[in-house]
């Protein structure tokens, strides 16, 4: 039963993954990414991570991909790649090493696999995750807030109009 | 029940796909998406391992990764926009003043 | 009902204070008139001083469900991070004013990054470590790009960010794998679990991926490639700060992770880290040989120094750990100093980042030149400066605790040090022998001068009377026993 | 006492830093005063030194870096005493000798010189290996600056080469020092770099061999032993007069001193085994240096290669491993300091007047500068080891010592005695004799009173050592015997192995 | 006893100092004082020595140097030998000082000249009086230096400077051997004290004795210009003529002979070494005499004659007759100095023309000089009753005796032939210079001033009468004085006494025949030697050329080769190559830094692959 769900989602995720890196237009990539994210959300449900699945949809699909799309529209048409490939060997090398790496990674990940544990019904609920966040993971949780703060500062620093005679130094 | 190796294999493949994207694409936006892909594959691994151990820690980790990923996207996109304003390009290979 | 766990706020007081200071600076900046930014400096320094005091007196302990630990290593990391953060605050204002980049957020980012480095020293959990790393890194990405409108600065920020995020993903996958095999991210549990597993491919892969994440921050070869470009492109104060703070964070984390946590498994990682350190020493020094830019020179030099410190990590004995701490202190002082000197100079309205720009400095600013000479001599590892004491400690530990491999590392270390003499002394030579460079002006900012003076004093002090520093470092090494 | 001696010049340099740059005369006098004060202290040391004892005297101990077992330990014995004396004497002379020729960056120059003096004295007096190494390396920095800043056209290359070459060799010594320290942790049960403590270790021969090789390499480059000498001609040629003088007179002695100080004390077996090799290289150096000198066109290069030859003699004496050889080597170190230092001053005198170091640019100078000719003659003859001058005492003892170890060594070494006359007389004739060859003959004015004073002091030393060498020999005899006694211990067991 | 000696020593030193400031007279006075002191010492010793002439009085001065078991005491020896030598040195030296006053009168650099000369006197006296071989060696080298300085006195002349250098270097070669001999003796005997060596030498193993003797003899050949180290002496004639007379005829060159006499017990107990000494001496005597036949430079003729005569002295040594050698040394000092001074007088008169082909007919204007020269010629030719006759005859006798006892008649034969040739070339020289047509350059030859003539006269007198010192008719005072001291008594080794009268007759006949032949040859305007032989002789047996071709030129080439290709090319090249390689690697490392972030990322991936792969497979 679960296989029936898993196989299509996995296929969609893989297709989306290929789509992200293969699409000519950034918009297509973004949509492919959305597909991956959604597929993964389904997987999370299969893995008894309801809360995470919800977060996945809300934050990733709802916020991050939208942000990407927003920027793509902002930069508009000229956001493509340059005409000239400056690193002619890069692509081939990337494929070769990535394939090797995939082998390594598969070996490692599959080596870490174990039978699934039996879990309680409330496993992965918002309440359980939240409880963990506010007890065991209180300090990291606070740190996450700091990171978000940094994101805000970054946006203000980088988003502001550059100063008049900016850019000391060369160039 | 779908066993853990299936999820983990998917995770590994997605991670590699993301890495390939970073390496072969020149559009900075797509590169960032590829990085997001890699982070998501990590999340899948975390969730799988959490299920495998029956411990919630892995899912909490995903929460943090999500936060970091969001902030990275903000920072990265801000940088792209900034560069685009001055150079009119998002091709990462055009960003090569510094070398040697 | 959720009951928060028992936690001890005094334990995390130093970090809290720094974060608080950052918030205060952020808020105050909103209301502050542009010409009164000096207040921000004062506030930052006060906060850092308070944090340092707390870091010095706060008791040891573990809290937050075992996420956070305060011990000698944490204290060393915190004090070092606080020191370099203070320097990072001090060297900036004059430069920023010159470049029209003077914004309160700059200090906020410096403070947050500093706090991140502090937390890396105190993290007792891989997720904690990951978050601390990001708290450290993300501000640095932004700092590198602070010189808005300058393509080089933008490029620096972009490259740093892109590669940093790439490396972070690897690090995270490592965390995931380790969690997968052991079911925990808490370091002590992890250590026992990995030890129980014996030789396990996923655990090994996980540890390897952790090395990559931290090695990237420390600019270890082959993950160093970002460093020269980023240092060169980043505004001088940012480069100065990131070159030391990232190193402090990365190395305290490496110390925490390998010798302290996984010491029992030294057989598994010693050779690998040793080879990496050797490669790093060689590549860093050789690539620096033919550089003409001051920043790039310092960048490659920082890579080389990563190699030297890695020797200590790879050896992993108490003496080696102590040596790494000493080395970090010396490295922080001399690199900050070397950058600070450059911040005081300006060529044609821009940064004086070519070695020729230092030509004839001795005639124009003898004390500045003398300090630079001290930094260069120390970077080269020559007595009677801290650089020598630092290298001596590392190499002595390597010979003592590393067997034939340690001896080999020590030999590679001393020989590459000889190579480094060539490029460091070239700077000193140009300062003393060259004609005064045209278009180069000297901005004698009291703050920058103070940093130069202090770092020079530290370098000389550690060179001549290192006992206090080495005794403190030995406490850290003592954690192993 | 010893610490005062070591740091007195440095204190002078620090005080000098307070003087304004423009007051050149004051700077010169202050520098001279500091070096003379050091000389006074050294003289007092010479006076109160007990020549009957072969042990370290005036030893001072202090902990320095307790966690690493590094101590501050200084002491003086007969061997270091005479070298300290040489150092203290040469520095004022070198300062006087470059009185007028350095006008740019005078303050930095004088400070470098004084800093150099501290480093050199420290090297001679250190009894802790790390302390020794610190001073040893610290010597490089001011010296490289002296060459690099006040040298002639190719100075940068020469300074870097000097620095890198000598440092590359000495870092291996650092590793060996550390290794020794590590061995001591097991062997003695304590962390120490103290020479006296480490000397009580009995190391297996193979370990000794490796450690000695590392030490010897550092010293060999400094000496320099053929074929590790090529930094020397460049450094000498490009250095300013004072730099050349210090380099030749004192710096090269650091290497030979190292052999004496550490060879018998720490690595007696290795030294015994390596002695024939050292002797062979020394002999090659003697002959090679002399021959190559003969083919030089540049006066300073010629003197530099003569140093290779002379230091070959010193090494030959040391390799003889007997009293005469050691004493001769020691005396020859002093002699070379005096005579070759003087030769560089002489070249400096010529250079100051005509700005040429090329032999071809000179001829018949004796007619224009008779007093200079007389000085040159005496110095040259001293360098050629004429009896009655200092050089003879050294070479005689060395060759005698060598002869007692192996007649062939002495026979080949005696070839160097002949060749030294060949190149020295050749150079002297080219410069001083024959018809006058000079672009500006009027510039060839005879020695000034200051120069004459410097040379008078040197000539007095030449004859003093030549006629009454016991001033030095008596003070070092007991020490040399004590040092050599270290070699006897293993020799007793090695009798069956060693052919000698 | 000590006082005159100390005064003596200080005379030498202080004289040297003062003469720099004052004129040359002072130098003469100091040397005269030396002579007088020596005489005084002689008179003081004589009564004591009447009963035991072998006594040697040692005067220790101070302990010079010590290292281990080596202790060198600076000390002096007063005994018959040293006194004889001291008297000759200071006596002839004094005369030549006086002569120099006239000869060098118009030289601008006179103080320097006399300073050198006095230094030489000091060194020579040190040499002859030394009580320790090392002290002797000091004097030995010092005289070499003075010789160098004096030969090169006119340093502006390249030939003079070069000649001085050559003299020094060739001497140094011998000295190096000497030094090795010292080492050998010291390692065997643990002392360098001359008296102790004399006592200890006979007890040494034969091989050691021979080797030591040969090494010392090698030193002696350098100083005394014997084959093959004779080449410097003819060139040394570039120095002022009084210098040639003093150093290169009368005193310094005899040091080698003196050395052997001083260490007689070592040499006389080393037959192989003695054999070599005799052969070398005889060969040298013959060689130099033949070369002298074809020289046109008057001083060079005299130089070769000196070499030849020195050869005689070594023949005497080789014939176990050191006393005869010393005797000839003394007489030779007289007549050779006389000949040189006369030659100097000719030069003085002829404005430094010295080529005999441009001289001639000077007998008339230079009457005194010619007379002196003639006496010298007769003396050197060995015509009785001149001094040379007695000493040379004694040597011939001893050589013959050696032949009788050992069957080695070569020294005798060569010596006899040489006696003939000597008479021949000396006669030729005298005839060329003084008789015949007045030469082209003889513009206005004028006789020398009294300061030059008086010493010549004195020497002439000594040349005439000096032979009596050793003549049998006069009771052999010198031999008697020396013999007890110099170990083996002269002739002791000779089992068969030679027929003395016959030998005397032969030598007289040979000498006269030589003179007659010389006159005949000169009259006949024929060259004394023909064709290829003439060229052979003129080129001095090609020995100088051989040295140039075999040693000097290759040495120079070797030096250049070492300095160029080897030192700069290989050794230094290797050092610089290290630097270049490192820099090249550095540049390569820089090229890896392409500036493309994607490539850096690839690097990260590859690094990860290696690290993780390694770690997993480990």
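For reference, chains read A, B, C, D and E in written order, and residue numbers begin at 1 within each chain.
Quick note on the criterion: a residue touches a chain if its C-beta (ideal position, glycine included) is under 8 Å from a C-beta of that chain, and two chains touch if they have at least 3 such contacts.
Just so you know, these numbers come straight off a predicted model, no measurement behind them.
Chemist: Kindly list the shared contact partners of chain A and chain E, in label order.
Modeler: Touches both chain A and chain E: B, C.
Chemist: Which chain maximises the distance between its CA centroid and that of chain A?
Modeler: E
Chemist: Count the C-beta contact pairs for B-E and for B-C, then tell me which is higher.
Modeler: The greater number of contacts lies at B-C.
Chemist: What is the chain whose Cα centroid lies farthest from the Cα centroid of chain B?
Modeler: The chain lying farthest from chain B is E.
Chemist: Of the chains shown, whose Cα mean is nearest the mean of all protein Cα atoms?
Modeler: D
Chemist: For chain A and chain B, what's the span in angstrom between their mean Cα positions?
Modeler: Using C-alpha averages as centres, the distance is 5 Å.
Chemist: Between chain B and chain D, tell me the centre distance in angstrom, where each centre is the average of that chain's C-alpha atoms.
Modeler: 65
Chemist: Just how far, in Å, is the C-alpha centre of chain D from the one of chain C?
Modeler: Centre separation, chain C to chain D: 43 Å.
Chemist: State, to the nearest whole Å, the distance from the C-alpha centre of chain C to the C-alpha centre of chain E.
Modeler: 78
Chemist: Mind pulling the chain C residues that touch 2 or more other chains?
Modeler: Each of 127, 131, 134, 138, 141-142, 145, 148-149, 151-152, 158-159, 162, 166, 173, 177, 180, 201, 204-205, 228-229, 291, 419 in chain C touches at least two other chains.
Chemist: Could you pull out the residues of chain D that touch at least 2 other chains?
Modeler: Touching at least two other chains: 164.
Chemist: Provide the list of chain E residues touching at least two other chains, using ranges where the numbers run on.
Modeler: Answer for chain E, listing residues that touch two or more other chains: 590, 593-599, 601-602, 605-606, 608, 612, 616.
Chemist: Among the chains present, which pairs are found to touch?
Modeler: Final set of chain pairs in contact is A-B, A-C, A-E, B-C, B-E, C-D, C-E, D-E.
Chemist: With touch defined as at the start, can you tell me which chain A residues reach chain C in the complex?
Modeler: Per the stated touch rule, the residues are 104-105, 107-109, 111-113, 130-131, 134-140, 143-144, 146-147, 149-151, 153-154, 156-158, 160, 162-171.
Chemist: What residues on chain B touch chain C, complex-wise?
Modeler: Residue list for chain B touching chain C: 8, 15, 18-19, 22, 28, 31-32, 35, 38-39, 41-42, 45-46, 48-49, 52-53, 55, 57-58, 60-61, 64-65, 68, 71-72, 75-76, 79-80, 82-83, 86-87, 92, 95-100.
Chemist: Once bound in the complex, which stretches of chain A touch chain E?
Modeler: Touch residues, chain A against chain E: 86-87, 90, 93-94, 97-98, 100-101, 104, 107-108.
Chemist: List the residues on chain B that touch chain A in their complex, please.
Modeler: Those in contact with chain A are residues 1-21, 23-27, 29-30, 32-34, 36-37, 40, 43-45, 47-54, 56-57, 59-60, 62-64, 66-71, 73-75, 77-82, 84, 88-91, 93-94, 96-97.
Chemist: Given the complex with chain D, which residues does chain C contribute to the contact?
Modeler: 322, 362-363, 377, 382-384, 388-389, 392-393, 395-396, 399-400, 407, 410-411, 414-415, 417-419, 421-422, 425-426, 429, 432-433, 465-467, 470-471, 473-474
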